[in-house]
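What follows is a pair of complexes built around chain A, which joins chain B in one and chain C in the other.
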Partner chain A sequence: MKLTDISNDINEWFSGSGPLADVVISSRIRLARNLAQHKFLSRCSTTEKSQILKKLKTTLMSLDLGEKVFYLSVDKADALNKRFLVERHLISRHHAFGEGPRGVVIAEQQSFTAMINEEDHLRMLVLKGGLQLTICGKQINRIDDMIERNVDYAFSTRYGYLTACPTNLGTGIRVSVMLHLPALKLTGQIEKFFNAAKDMNLAVRGLFGEGTEAAGDFYQLSNQATLGVSEADIIRQFEKTTIPEVVEYENAARNQLLANQSDILDDKISRAMALLKNARLISSHEALFLLSHLRLGINMRNHMGASTPAIKNLCGPSNLDNPRGPSIKTINRLFMVTLPAHLQLNYGKALEPADRDLLRAKIIRSALNAEDKTNQ
Partner chain B sequence: MDGVRTEMHLCELCAAEQGIAVKSQIPLNELLSSLLAAEAEDSDSADSSKEVQACPHCGFSLDQFRKHGVLGCPYDYEVFEKSLLPLIEKAHDGRTTHRGKVPSKTPQDTKKQMEVLTLRQQLEEAVRKENYELAAKLRDKIKKSEE
Partner chain C sequence: MKLTDISNDINEWFSGSGPLADVVISSRIRLARNLAQHKFLSRCSTTEKSQILKKLKTTLMSLDLGEKVFYLSVDKADALNKRFLVERHLISRHHAFGEGPRGVVIAEQQSFTAMINEEDHLRMLVLKGGLQLTICGKQINRIDDMIERNVDYAFSTRYGYLTACPTNLGTGIRVSVMLHLPALKLTGQIEKFFNAAKDMNLAVRGLFGEGTEAAGDFYQLSNQATLGVSEADIIRQFEKTTIPEVVEYENAARNQLLANQSDILDDKISRAMALLKNARLISSHEALFLLSHLRLGINMRNHMGASTPAIKNLCGPSNLDNPRGPSIKTINRLFMVTLPAHLQLNYGKALEPADRDLLRAKIIRSALNAEDKTNQ
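Right, the complex of A and B next:
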């Protein structure tokens, strides 16, 4: 399997499906594991790293995951492919631009990925669309059990699974939910969300994880404590309490926009549509920002029955060329395929930023204008 | 210890009011006292542990940890336990003992010990939250596990 086989479409978990998908983009659970009888990677020689890689690669490739898996050598991959994998959330930036022998095993549907020799020997994750943490938890636990039959993990009765960084100790679990919170941002309440997360000792990150900005009003909320609380309790707390509360806040903000600030809402949606349908040059950041407002408008129509002038215009039926307007899947696809590495991989070669902006604008116009579609 | 005992005694009284103390074979205060004593012993042993400059297994030092934020090998958790413990406690909301998944290869005895430890922690939490019905159930489970 080549990366270009998957680069022009979107992962199942990013397609806009699943419970509470108007606010919850995806659910992700990651487990960190290390092999007993080996040092952590900071003290491993290249030879030892190669041994770990070989052992884990062989184990992972032999598992019955119910779908095909492929392996990619990250240390040998070129920079563009590595950036693509990061944009797809299939590997971390740390893994992409780290050092030494390392690789990734990816399931064909991209809902499972296992990074070998990242910060820990093994970091595997399961992703699903919408709020589906319990299912993610069951799947990753099953995969972890299968791996454990073939290897010995570093484990202590007191500290649980031993990880290179003490912050991942214990369960080694990181539960992350990617949220789209445009109304909290537009109504100036996003700080409340940040403060609430901080009070609960949860981390808020941007679209691409640690250290990234919240582009396109996407935020990743994750647990920080991993020791002394079971996997099941962490998952339950997120799925039954924390995330539904955030969704409620966002929906309240959407209702507030509709009731008291519909002019502002309409202005944002109309401007976004006008710019995206007509711009000739558009940066990645601007595209994320504007697509976020379209996504908000479509979801408010689909889930709240909102029908302001701008939402009507965006979703039809008055637009005869495109009677139903763009779907959430179309918008999500545009979010993904207009990212820098996606653009270049699909184009077939590296592009200068200005050329990328030109190509990005063209792809967006094509998707949003029936006229442009026929011209392509 | 006196303060703790007083607190536990009150809890038992409350438990009695709920009508669960009559079934008690192991009083809640004794269970909790032993749990706290076990914890104290743990911290004593950590105090007296011989913390070395470099890990004999991987040659890693705490200075390197401070610089890079990652450890050198699994043994570092034992070797540098005294220094790491406050950090672990801070990173994990004050918790320092694993709860949750255990590798299936773990010997049955060890699994049982971990299970009892977890139950004791749950019991402590239940008493703190004054959930005496749950506390009684946990106490019975602990008793059964230890038989």
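Right, the complex of A and C next:
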């Protein structure tokens, strides 16, 4: 399997399906593990890192995960492939651009990946569309158990799993959900969300994890401490309480927009559609924001029955009586394929930023205008 | 005549016709005069101001200007009417919101106005579309002579006409042209224009004269000193050298955009058209910038034969073979009627900013979509 086999499609990270997918883009659980017989990576020689890599790669590739898996040697991959894997949330930025022998095992459907020699010897991720943390948890535990039958993990009866950074000590778990909160942003309530997250000791990051700056109104919410809490408690708290509360809050803001600020809502949706269908140059950053507003409009129409002029008009003025417009699937696909590395990988080579903006605009224009024709 | 008789139309200030009208929106000459028998206004009592007002009003209203003239008592006018007159460049902001007895005489076609008791006893303006400074000069001199047959101007054989501020001393003339320089802006060369103007001791102001901030890429260029230079020299220098050079510079930038940066040009024009036709809320400031880009595209198509995809597409995708799109006249009219006071005067009452943005977007949408239908 090559990366170009998957670069033109969407994976679980942005599938747009699953429970509460209007607001919860995807759920993700990460486990951090280290091998008992080896030092932490910061104190390993290159030789020892290679031994760890070989051992874990062999173990992982021999597991029966119910689907094909493939291995990529990250230290030997070219920059574009690495950026693609980061954009798709299959590996971390740290893993992509770090040093020393390291690799990643990726399941074909991309709901499971395992980074070898990232910050810990092994960091596994399970990813599902919508709010599916319990299922993610079950799946990652099953895989974790399978691996543990083949290797000895560094484990202390007092602290739990030992990790390179003390914040991961204990369960080594990190639970994250990617949220789409455009209405909280438009109604000026997003700061309240940040403050609430802070009070609950949760971290808020942007789409690509850098700082907390949000791109396209997407926010990653994740737990910070793992010591002294059980995996099951963390997952249950997120899935049963924290996330449903955020979803309710965002939905209240959507209703508020519809009831009191429909001009603002309509303006954002109309502008987004007009620019996406007509602009000749679109930066990655702008595309995320415009697609975000379109996604909001489509979800409000499909699931809240909203029918403001702009929402009715989503598929163009010629089709007012039978509005369908672009599907959420099209929008989600555009989110992914217009990211810089996706764009270049699908194009076949690296492009200058100005040429990327030109190509991005062209891809979006064709996709949205093609949908218009299909619906007429 | 009422102001609402003229508020839905365009005047010479924005007629879009006349020599070099692609770049030179309009030419304007102002003369400052004071009556010999009265003190400068800063030292006048209210009673004396009323006497000056009465004398000048009577003189001006009795002149044969070849068209109807009407008088407005500025100190008694309501705020909306005053803001309308300022927006239309018929009176200055200082005159609108100053103090004491004052008025304005306006010729029906609005190419002549005379402010009484502004900073000087009398400030006359003649306004023509395009580059027509010589004609403006002849017309204002003819009117000035007619007035001088009826009143005694304050005049010194050493200094010339005496004015309240020494910068106007001598000829009391101020020559201004309103320029549209979007290509210099888009190609990053507008600073060079500012520096050149500074070197020539010319003032650059924005559309409404406040500071030098440009709205919609419109710039007013005017002379600063009047002492020791003849009126004819100032006018000749502007009309024969300075302005043709700026026009050439702007046109070179337009050709440069077409030759080397047509993606950027197309992007701006496509975005402007898409937003103007689709946005639900548009601020006055944004409208000026978007209309500016549309104006650039239409002028480049009409007078330079430009036919980039966006320029071809100006009137919508259904009419690619026979592109006409909105006329310059429509665009110029939209520039004026979407200004805040124009908008409210035509609507019939004052509106909150958010309601103005809604109404402005509606007016623009209807105008541009109506043009589409006409052309199909």
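Here is the rule we go by: the second predicted complex is superposed on the first by the 358 of 376 C-alpha atoms of A that agree within 3 Å, B and C clash if a C-alpha of one lies under 4 Å from a C-alpha of the other, contacts with A are read in each partner's own complex, and residues count from 1 in each chain.
FYI, contacts are C-beta pairs under 8 Å (C-beta built on N, C-alpha and C of every residue); 3 or more make two chains touch, one makes a residue touch a chain.
All of these numbers come straight from a predicted model, not from anything done at the bench.
In the superposition on chain A, A:165 makes contact with chain B only, while chain C stays out of contact range. After overlaying the two complexes on the shared chain, residue contacts for A:196 are found with neither chain B nor chain C. In the superposed pair of complexes, A:204 makes contact with neither chain B nor chain C. In the superposition on chain A, contact of A:354 is made with chain C only, not with chain B.
By the touch criterion defined above, A:34 reaches chain B but does not reach chain C. Counting the residues of chain A that each partner touches, chain B and chain C differ, and the larger count belongs to B.
Once the two complexes are laid over each other on the shared chain, residue contacts for A:65 go to neither chain B nor chain C. Of the two partner chains placed by the overlay, only chain C lies in contact with A:275; chain B stays clear of it.
Residues of chain A that lie in the contact sets of both chain B and chain C are absent, per the superposition on chain A.
Interface residues of chain A, counted against chain B in their complex, comprise 34, 36, 38-43, 119, 141, 144-145, 148-149, 152-162, 164-167, 169-171, 173, 201, 224-233. Of all the residues in chain B, the ones that touch chain A in their complex are 57-60, 64, 68-74, 76-78, 84, 87-88, 91-106, 110, 113-114, 121.
By the touch criterion stated above, chain C contacts chain A in their complex at residues 263-264, 266-267, 270-271, 273-275, 277-281, 309-310, 354, 358, 361.
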